[in-house]
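Comments concern the structure below.
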Amino acid sequence: MLINCVAYQNGQKLGDIASTDIHDYLRRPDCFVWVALKDPLPSEISQLAREFDLHELAVEDAQHGHQRPKLDEYGDMLFCVMKTLQLDDEGYLNEGEVDVFVGANYVLSIRNGTRKGFQNVRDRCEREPHLLQHGAGFVFYALMDAVVDRYFSVMHQLEDELEALEERLFSRNGQARQNIQDLYALKRKLVMVSHALVPLHEATARLHGGRVPRVCGGLQDYYRDVDDHLARIIRNLESQRDMLATAIQVNLAMISLDDSSVSKKLAAWAALFAVPTMIAGIYGMNFEHMPELKSVTGYPTTLLIMAVLDGVLWWRFKQSGWL
Amino acid sequence: MLINCVAYQNGQKLGDIASTDIHDYLRRPDCFVWVALKDPLPSEISQLAREFDLHELAVEDAQHGHQRPKLDEYGDMLFCVMKTLQLDDEGYLNEGEVDVFVGANYVLSIRNGTRKGFQNVRDRCEREPHLLQHGAGFVFYALMDAVVDRYFSVMHQLEDELEALEERLFSRNGQARQNIQDLYALKRKLVMVSHALVPLHEATARLHGGRVPRVCGGLQDYYRDVDDHLARIIRNLESQRDMLATAIQVNLAMISLDDSSVSKKLAAWAALFAVPTMIAGIYGMNFEHMPELKSVTGYPTTLLIMAVLDGVLWWRFKQSGWL
Amino acid sequence: MLINCVAYQNGQKLGDIASTDIHDYLRRPDCFVWVALKDPLPSEISQLAREFDLHELAVEDAQHGHQRPKLDEYGDMLFCVMKTLQLDDEGYLNEGEVDVFVGANYVLSIRNGTRKGFQNVRDRCEREPHLLQHGAGFVFYALMDAVVDRYFSVMHQLEDELEALEERLFSRNGQARQNIQDLYALKRKLVMVSHALVPLHEATARLHGGRVPRVCGGLQDYYRDVDDHLARIIRNLESQRDMLATAIQVNLAMISLDDSSVSKKLAAWAALFAVPTMIAGIYGMNFEHMPELKSVTGYPTTLLIMAVLDGVLWWRFKQSGWL
Amino acid sequence: MLINCVAYQNGQKLGDIASTDIHDYLRRPDCFVWVALKDPLPSEISQLAREFDLHELAVEDAQHGHQRPKLDEYGDMLFCVMKTLQLDDEGYLNEGEVDVFVGANYVLSIRNGTRKGFQNVRDRCEREPHLLQHGAGFVFYALMDAVVDRYFSVMHQLEDELEALEERLFSRNGQARQNIQDLYALKRKLVMVSHALVPLHEATARLHGGRVPRVCGGLQDYYRDVDDHLARIIRNLESQRDMLATAIQVNLAMISLDDSSVSKKLAAWAALFAVPTMIAGIYGMNFEHMPELKSVTGYPTTLLIMAVLDGVLWWRFKQSGWL
Amino acid sequence: MLINCVAYQNGQKLGDIASTDIHDYLRRPDCFVWVALKDPLPSEISQLAREFDLHELAVEDAQHGHQRPKLDEYGDMLFCVMKTLQLDDEGYLNEGEVDVFVGANYVLSIRNGTRKGFQNVRDRCEREPHLLQHGAGFVFYALMDAVVDRYFSVMHQLEDELEALEERLFSRNGQARQNIQDLYALKRKLVMVSHALVPLHEATARLHGGRVPRVCGGLQDYYRDVDDHLARIIRNLESQRDMLATAIQVNLAMISLDDSSVSKKLAAWAALFAVPTMIAGIYGMNFEHMPELKSVTGYPTTLLIMAVLDGVLWWRFKQSGWL
């Protein structure tokens, strides 16, 4: 679905144009066209590919989708695949894809499976004509910056999730089974995020520093800024994975500990029952000559002894933390 | 076994030729020969090696098989070893081998232990004469692309296998023993896949970018595409190994947890039996002066006390999740 | 909040100046201005940014804070972000941020959330005019050196913490639950420290050796010294993480061990009670022909046998370390 | 002990020569000398070192032995240390050492603690005069190839060992203790193999590709072949270590599982005994008014109830896999 | 404390000189001075620093001590920090420090906390005047070689320690608690050794190969030898750490195994006691109509049945390895 098709000249919006007029605008100097598609059909992409003369392999990738994030150079054209990430209300992590074709005088952005659009990127760009004068390279930067910014909020939600899990880990009403399941699910999400981020970081590293694609020329400080943001998220991600690995070990330790404390309780209670049972067993023997049995005070004394012994035991177990 | 021996000129098929005529076609300009062998005898390879003047070390490797994936340059000739992977119906992973010799005007492909052939690659090439004009280098790309494409389906099957295992991991009717065995078997398969992929990826990295072998000249975008696909599969593979390692830990935790819950049940039931047994023991003592024993209501009262105590205990254990 | 704004010429302090006069001093040769801010408002930064003509992206970073440590070059200007670390009395690790802008003739340092200031750095610099003659580059070194020096004390406190934990780990009055929690908290702190140090180390590596930013020229031995200190702390950090990982494993082993010794005790005591209970049970049977029951010495003999058997058992368990 | 001392010219064997004549042959053009020693005395090495004018540090290394595999260049001379590995009949891994000095016109090979000699290498070389014409560089290749070839068989034996262990791991008659010990022993062997292979691989990498020592000139395809073989063995080794690490974890899980199933059995049998014991206890109470006791059918009914209850329990435990 | 201060010319000892005369000897051609200090005061170092014109940062490092091993170049002067390691009689690992300043015509070595001196290095150097002619660079090599040689003996002791631990690990009289503690202590030592070795190895790598500091010129083969020794020790160290990590896991498995066997014993003995107790309970019931009770042979028969049942059980438990 075509969302926007706008021509810009010297950083100023010329106005929405029909996709059939793209051709004319591409010829004008200092002019570039920015087209945005959403969940397009392969045929829509093919049509624009002819308009912009895009490389067939890049077009194929955009049509099939499910690429890994990457930045390919085809002559002067850049083809960039980025992943968008969104946590839905049940905590599932959904992945969308944004494909961007960048040429000297055009930007074609295609988003698939991404609920939130990039209208705000367009608005911001149009509010800053002095930057938009840089042309397609700046638009590309603005899109990338927007995608990366959204990663921050995903990371923060995952950090909150880990923190909530950590608290449950150490709380005493052990929901160990649920904890394991949640730790595993979080692990899976972190792996997904890592898939989206790490290859993109490899790509952005090539947009500042040494040799830089021509359309990104003069914007190296901006691309370094994006690269920096990615580096920061990736470090957070690494730490999260590290902490998660430790949390899984800790969880195992907590289970063992719980098991151990149950063993202790079991041992303690067994002893508390075993003492009176043994004594009762002794006075239940049928020997004819058992003087205590004749005694009037035998029975209460025995009960008392049982109670005292169990009291002492109970106190000692309490002391040593077994009960 | 010789499968095909076809000569091409300017991207057009000239027709099947006898292997003894190869010599003649190699001399023609803009002409190349594409020979396909299947599970050949060493002698068959030797004969073609003389025809194409292949390097003795490469020929030896092809004759012995069981090489690791690699890309060797012998002057202008390329020798490439690739592994094919197939999951059979019992879930076993079978490995085949495809050896490709690529020269300026010939391609010799040899497949060993690979059920599915590469006829579709030949068909696709012949349908695209404008690409086939690139000559041997394009054929080599097409073969590699086909091999790599098949890895995707293997990876998807292994991903499904892991997902099925994950579900069993968290289901309550713990088949822990079977789970361990299956996790271990999956690990083994992932190691096998990694053996096939990682060295090939090292090889493809040398086919685009800086210095590129001459026969692959002008096809860098295509080889980069293959390289990209491999990178994507390898990232998936790494994630799978990572998740698998976690799954093994999780499995251990589940076993501990199961053990722990059995300990609790044991403790609870032991207590439920111990209480009436202890009380019965007390009234089984043979003291002469035990007033309760004379009472008409002694027996039912005692039974009631036993039942009430056990009821209370049972309810508390139920509360705290021990039963 | 503006803390200091001082002009220096040839290593000598000229005196405190008003922030509105900065302009004049920047024009004088051999003169540089050193401004220090603390928890400034964005507007304060903006004002100084205009004065020094700082790059907008760097200014934005300084205004938002919470950057990762980094060293960015914008033309001849350097922008450096460093983290300060402080352990408070409850053992929590607080993170502050120091942002430094360094130009040919100015240094602007901004600290956020750092309790301890850098007045001592200024004092030290003013006491060594021969070094301060190097200008802004030396001030930058002095600030960095001060930040890094404070890391040492944090690392020593964390090392002490780990040592205290290790001792508790092996002590017999196992507070296993508390230990796990503390090990996990320490892990978290080490991750935080690593976040502060590792990216800074990457930055300092670019301040000595091959190509060096112009303002740091002639001070390479000094920057290498800082780099060296960081390298040393990072090695310590790595070792700490390594030991901590082992400590967590050891903790798990100790829990298992504790559990195992409880199982042994449980088994032993159960046996000690089971023996007399079984014997008593036998003489509690109601057979009419049980000669022992008639014997006058039957009862004491039986008690003696019980005691002897339990004594022997108790001694054997003691021997084999079960009790 | 001197084994061989042979002079070659243009790839042809001239004949065995006395070690005192070496001098003369070294002066002849197109002629080289190949000397083989076995477990030599330091003095034997010293004598030949004078003859060939070897570097003192290399000679010292050869005399002391127990070097790590390496390749040192001393001017035009190469000194290479390789490890030989042999599994003896009890499965112990024995390490030998082969030191090779290679100069423009000589090869001196010294083997220590290696049972199997290299006569077959000499035979193969003499059968291929066209390759032997390359001189000392080819002999060096042939020796290295022979050493590396033997690693394959060691690796296969270790792979078999791991497979046997894996089967035992999952078999039900758990010899857990023996398994742990064998896994640990295998780990140790893999570490030993890794010590022999990895540094050698670093060395062979320098014998093909960019700059190559002069005596190895023109043989790069051959050295790449050896390098390739080593790369393959090392990949196998890595996989083995990876699988072994998993096997150790699996073993731990199996122990836990075994423990868990014992706990279940224990719980089940305890319950089976506790039920009749409790019932018997109740009818063992001495209350005067217990109507059941008077009943003629009381006793058999009670026994029946006990049996039925235990039967039901036994069946339920069987169902849930506890027995 | 000044230990030696000796001047050498052309590899020959000129004799001990007063530290105030150093000045004169430094001016003579082909002459160099070698000064050795032990646990010096900061003032002693300052004095010699003035004499040799050492860089202030290097002097500060030497005065403060506790540096990480490193090699710093200050113009033509080298400053090297090395760690010495000694295992004392209780098995504690003590760390000393050797700082060496090397200039064109002087060597200043400072050892702190190192019991064993380097007199033997001086003796060896003086016995080899042809090598000592190389001047300060050779002395530096000789010192480094001596320090590295001592690492070998430390590594061998630690290897022995690990081997002893391994044996205890698998012995049946499990001192699991002691084992864990010793494994942990060994880990700590290995980390310490790694701290001393790895940075030094980074330093020695810069003393052979490409660009080499001038004072080490012409001695590259010697420095490569030291580098090689370090590489070998570091490989051993890595293996040790690897084995140790496995040993810790193995230890955990052994504890589990021990626990498991205790569980089995507990289960078995509980069953052995439960059988007679249950039977006795049955005949302890007070039913009026229990024909067996009247029988003369009832009692002995019952005892016999108890004994037989327990015998059978005992035999079966013995069979299945539970007892």
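As written, the chains take the letters A, B, C, D and E, and residue 1 is the first residue of each chain.
As a convention for this text, a contact is a pair of C-beta atoms (placed from the backbone, for glycine too) under 8 Å apart; a residue touches a chain by one contact, two chains touch by 3 or more.
All of these numbers come straight from a predicted model, not from anything done at the bench.
Participant: Would you kindly state whether over half or under half of the residue numbers at the subunit D/subunit E interface are used by both copies, giving same or different?
Facilitator: Looking at both copies, the contact residues mostly diverge.
Participant: Fit subunit A onto subunit D over the CA trace and report the rotation angle, somewhere between 0 and 180 degrees, nearest 5.
Facilitator: Between subunit A and subunit D the superposing rotation measures out at 145 degrees.
Participant: Using mean CA coordinates as chain centres, what's the gap between subunit B and subunit C in Å?
Facilitator: 41
Participant: Suppose each chain is reduced to the average of its Cα coordinates; what separation in Å results between subunit B and subunit D?
Facilitator: 25
Participant: Where does subunit E touch two or more other chains at once, residue-wise?
Facilitator: Subunit E, residues with two or more chain partners: 249, 252, 256, 259, 263, 266, 270, 274, 277, 281, 284-286, 290.
Participant: What is the shape of the graph in which nodes denote protein chains and edges denote touching chain pairs (line, ring, star, complete, other)?
Facilitator: Graph shape, chains as nodes and touching pairs as edges: a ring.
Participant: Start at subunit B, step over to subunit D, and keep going round the ring; give me the chains in the order you meet them.
Facilitator: B, D, E, C, A
Participant: Going by the contact rule set out above, which residues of subunit A touch subunit B in the complex?
Facilitator: Against subunit B, the touching part of subunit A is residues 55, 57, 67-68, 70, 72, 74, 176-177, 180-181, 183-184, 187-188, 191, 194-195, 198-199, 245, 248-249, 251-252, 255-256, 258-259, 262-263, 265-266, 269-270, 273-274, 276-277, 280-281, 283-286, 290, 292-296, 298-299, 302-303, 306.
Participant: For subunit D, which residues are in contact with subunit B within the complex?
Facilitator: Touch list, subunit D to subunit B: 166, 170, 221-222, 224-225, 228, 231-232, 235, 239, 242-243, 246-247, 249-250, 252-254, 256-257, 259-260, 263-264, 266-267, 270-271, 274-275, 277-278, 281-282, 284-290.
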